[in-house]
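Okay, got some structures for you below.
Next come two complexes, and both contain chain A; in the first it sits with chain B, in the second with chain C.
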Partner chain A sequence: MRPLTDDETKAVLGKVDKFIGSSVKLLVDREDGTYCFRIQKDRVFYISEKVLKVACNVPRAQLLMMGVCFGKFTKTGKFRLQVTALDQIAPYAKAKIWLKPSAEQQFLYGHNVLKGGVSRLSENVEKYQGIIVYNMNDVPIGFGVAAKSTQECRNADPMTIVVFHQADVGEYLRCEDSLL
Partner chain B sequence: MTTRVEDILGLNGETEEVFKTINVEKPLDCEFDIGELLVVDPNAIEEYKFKQNETDYVDNLSRDNVQLLINELFKIPTEVKEDTVVFQLPKPVTRIPREKPCPKPKPLTKWEEYRKKKGLRPAKKEKLVWDEASKEWKPRYGMKRINSEKEVWAIPVPETADPMVDQFKLMREKKKERIAKNEFQRLRNIQRAHKIDKFAVSSVMPTDKPTPELMSKAAAVAKGSTASLGKFDRKLALEKEAKIKGKKRKFVDNIGSISTEKERTMKILDELNHSRPKLNYARVVEKQMKKDVKEEIRQKKEKKRGTRSSKKLGNKKAAIKMAKLNRIKGKAKGAKGKKRR
Partner chain C sequence: MGRKAKYDEKQKKGKGRKSRVQPAPQLPKQLKAKEDAKKLSRNQVKRLKKRQLKSSSKTDQAKQKRSPEEANSIDDREDGAQSSDDASGMDFENDSPRKGFTDENDSWLKPKQTSKRALFDDDADDDGVMDDDFDEDSRDPGSEASLEDEGTMRIEKQSKKILERRREDKELEEDELRDQADEQQKQKFSDYFRLPSESELENEKEVPLSVQAVHQRIKDILHVLADFSKRKEASRCRQDYVRQLILDLCSYYSYNAFLMERLFYLFSPTELSEYLEANQVPRPLTIRTNTLKTRRRELAQALLNRGVNLDPIGEWSKVGLVIYNSQVPIGATPEYLSGHYMLQGAASMLPVMALDPKENEKILDLCAAPGGKTSHIGALMKNTGVLFANDSQPDRCKAVIANLHRLGVTNAVVSTMDGRKFTKVMTGFDRVLVDAPCSGSGVVSKDEHVKTSKDEKDILRCSHLQKELLLAAIDCVDSNSSAGFVVYSTCSVLPEENECVIDYALKHRHVEIVDSSLKFGREGLPRYREHRFNPNMNLARRFYPHTHNMEGFFVCKLKKLANGNANNDGKGGEK
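Then we have the complex of A and B:
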């Protein structure tokens, strides 16, 4: 376990920035306590100072996880967000999309979101912006990348892909062993 | 014993069957590019024949097409050169994509970039220049050029200068300096073109006063500068293994000062915010598009209002009706007024 280097911090925050914009500041600078990012075996954890101090007592080899796992670095040094970060990101989401109940299952199985399955889409979504996916009960069920801007979506036909799937809550079951 | 050619070839009267006709007929004409010796057959494959016997079908098809190519070839006038019949192939028509990617434009030097930015055009300079002193045309650059340092036989000593300084030496030094400066700029341009951030600085730089420590370090660096990092180099009798230690990675303390860590993160966040473009082109375009659509709809509505004559007429009718009503009302009012009076 160690703090992130500058490049790593840039990669992580840059990725989160795509979803919540300048609200990243609120993740780093919290009023209810000090929170920080730590890296352990390529995984990036978002952790409070309190828990961090406790976790320091566990040897590195044995330490499996702590705090909230935000994602992991690939071997090529890119950062990938995981579903586990969803609960931290969702409250600050800038771009949102609501799915119809029929399309919800498809998304939870790991498929992209088609125009036909969209019930609502927040305004001013840019192309390739990070977008949080909600179901009709306003529960965040995953996130992805907007394949089209809001304006383009209006004129798109029902079979076009609107959101590229990145992570969904279904992964808690599907990727149970690799998710941590 | 007479031997016929047919007997030797083993074809007894079967010539007509064995040698197929040179006239090949196809529903669609083939396209030729004789320059590339290319035939393109646009005819569809007859599937039932193809399925019966694939190899035969392909063989026959290719024979026919080659026959067509040969027929086409023999339409070209032939020559005899050194006892051989020779064709002169026409130029190929088919355009084949180039093998290598297009060459990239040469990166501009710093001066060229400046010139482009300013819109300056290089002044046209003649190669030969008139030399007043020798009354001769002389080249601007190169051997026997005008204003050559070699031809200067006297230099007036400036009043402010030290009279004991050798002016010729000074001139030579100045020229050397100019050459060095130019070389430096040339290298800098190459560096810029390759986008190297800094000049490569070796860990061991040449010095005037080498110390034993520095020398051993230089020797170690030189040893490790082969393709195998010095693994297969011949060693001297008492030579020690040269070890060059790499830089060790250093990370920030895990639970040092979290407030400084927060500062560091905030700094990176600021950088991220700065790198974000102030003007979002996609959004601006989107807004403009929305505006345009609205404007179009409005214009259409206006146009509709203008053309609908019945509505206009209706309005006119309504207006007349209203006027009549008003008149009646007015009369009534007037009557009332009269009564009151």
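Then we have the complex of A and C:
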């Protein structure tokens, strides 16, 4: 377990920045204390400093998880955001998309979102911006990357892809073993 | 976590629509019994009365011609005919419209009734026989008055004969009844059930009895054991019965002899059969609301909209819901995936309720997988303080991690190490939960494998490990903290894994049993076979499938009084 290096910090915050913009500051300085990022076996954890202090007691080999896992670094040094980070970034999300129940099912199986399944889309979404996907009950069910800006979406036909799938809560069932 | 189980809609009970019983066939009018025929109209009744009046006046005229004695008897007869509808054999002398049979059968053969006579008597024929008996008795003095008359003499003889025959019949009947009653009495108390002899048992080994026969024998032995001194066979002792009962229960419910014997020590014979029967059916599926993300009412509404039939679990829990049936898989709804609830047995909520975690505390779950109880603790702590979850198996820890993330617990630290060595990593916790690995004798309905796979060694091994884990857990707790509680729970019902382990901890550490604030459940056993436990053991709680409709479970809450060992009074032994 160690703090992130500058490059790693840049990679992680760059990814998070796509979803929540300048709110990254809010993510670190919270009301209930300071939170920080730690890396352990290529996994990046987001953790309160209070918890971090006691978690240091556990030997590195036996420590599997602490706080919230944000994602992992691939062997090539890229950072992948995982669905476990959803609960932390969803409250600060800038771009949101709401899905119809039929499309919700498809998205939970890991498919991209088509225009036909979109119920609502927030304004001023740019192309390739990170976007949080909600169902009709306002529950976040995953995130992805906008394939089209809001303007382009208005004129698109129902079969065009609006959001590229990145992660969804269905992964808790589909790949429980590989999550961590 | 049970999400690979089949939660398809349960099969409907009952026979179904197609097997509905057909109503009794409607008989056509002409086939119906005469009694059911239409009532006579008012005019018809009048006419009938007139007709009878006429006929009676006719007989009156005939009476004038006869002797007064005879007329007397005829009057009697007519009265009798009104109360009873039998034309007995004595009618054959008179000129009445109904004639009896005149051959030797006249004593018992009776002429057929006409429908109109039903007007005067609605009684069934069977009652008529008894009435007849009575009438003849009453008629006797009347006919005695006319002893000289030959006709009456014959009648009298016949009636006497009939009376005698009836009396004999009655006596025979009574004898028979008495015999039957005696036999029943005997059956009830002595010869009712006979244990199989050794040779019969030998035969049984080659040609096994049918399941029904074994079941019947179990019932019989249970009946004998319920009132043993009265119902036993004279030459057999209680142990013979018990041995046979255990054998039969083993074969009927397919347990191994060891586990059955242990269960027999624990339960009375009748309760044992209830327990085994309850283990044959699965417990209801229950879920726990994740209060970090939603409320029970909202969750129930959301699930109802998905076609799930559910109810609150009971008075004792504010987060539990019981699922009756569901059109969607409960372990894969969008609500489940976004962490609004957790599939969890009803009994698994009890240890956490006993632990009663508070905010801003340091809490340890020593044997966490698969994370149901851990996430429950996390929900009660509302993501404040620190929650440690440990499990010895790294594979099982993956489930803990996934569940904690899914349910939104952010203050958890998951480690995989031997729970017995956790004291080396960290101590000073406020509360510790030990949900120790056990033989699983309380969750037979979930895992049939338990029935046959356990033996003496397994229990000893479990018990030993549990003792070590409990001592480690007690060592992890800081006695100076405001809380300082340890909750020990297992999903086993055997006292070797429960009360014995607690007793061991009481002897080796400065702890005492405290009330677990669980409002229901059986009390812990104060004694078991040769063991005599702490009198406070009644504060521990036991849960059984047949009494509480949840898995067999044991929960005990301990309060740490002082640090250090109890017997050598080393570092912090002062009490």
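Going forward, the second predicted complex is superposed on the first by the 180 of 180 C-alpha atoms of A that agree within 3 Å, B and C clash if a C-alpha of one lies under 4 Å from a C-alpha of the other, contacts with A are read in each partner's own complex, and residues count from 1 in each chain.
By definition in this document, a contact is a pair of C-beta atoms (placed from the backbone, for glycine too) under 8 Å apart; a residue touches a chain by one contact, two chains touch by 3 or more.
Treat the numbers as computed from the prediction; the structure is a model and nothing was measured.
Visitor: Put the two structures on top of each other at chain A: do chain B and chain C fit, or clash?
Guide: Result for chain B and chain C: fit.
Visitor: Would you sort A:112 into first (chain B), second (chain C), both or neither based on which partner it touches?
Guide: A:112 contacts neither chain B nor chain C.
Visitor: With both structures superposed on the shared chain, find the angle between the C-alpha centres of chain B and chain C as seen from the C-alpha centre of chain A, to the nearest 10 degrees.
Guide: Spelled out: centre of chain A as vertex, angle of 150 degrees.
Visitor: Quick one: is A:23 in contact with chain B, with chain C, with both, or with neither? Answer first, second, both or neither.
Guide: Neither chain B nor chain C is touched by A:23.
Visitor: Contacts for A:84 in the overlay, against chain B (first) and chain C (second): which applies, first, second, both or neither?
Guide: second
Visitor: Go through the superposed model and pick first if A:124 touches only chain B, second if only chain C, both, or neither.
Guide: first
Visitor: According to the stated criteria, A:13 is in contact with first (chain B), second (chain C), both, or neither; which is it?
Guide: first
Visitor: May I ask you to decide whether A:2 touches chain B, chain C, both, or neither, giving the answer as first, second, both or neither?
Guide: It touches chain B, and chain C stays clear.
Visitor: Once the two structures sit on chain A together, report how near the CA atoms of chain B get to those of chain C, whole Å.
Guide: Least C-alpha distance: 16 Å.
Visitor: Under the touch definition given earlier, write down the residues of chain C that touch chain A in their complex.
Guide: 3, 302, 331-332, 334-335, 337-340, 362, 384, 386, 388, 394, 397-399, 401-402, 404-406, 408, 410-417, 425-426
Visitor: Where on chain A does chain B make contact in their complex?
Guide: Chain A reaches chain B through residues 1-3, 5-6, 9-10, 13-14, 17, 22, 24-25, 28-29, 34, 36-38, 49, 52-53, 56, 124, 126-127, 149-151.
Visitor: Which residues of chain B touch chain A in their complex?
Guide: For this pair, the touching residues of chain B are 251-255, 258-259, 261-262, 264-266, 268-269, 271-273, 280, 282-283, 286, 289-290.
Visitor: Tell me, which parts of chain A touch chain C in their complex?
Guide: 32, 48, 50-51, 54-55, 57-59, 62-69, 84, 87-88, 104, 108, 135, 137, 139-141, 169-170, 172-173, 176-177, 179-180
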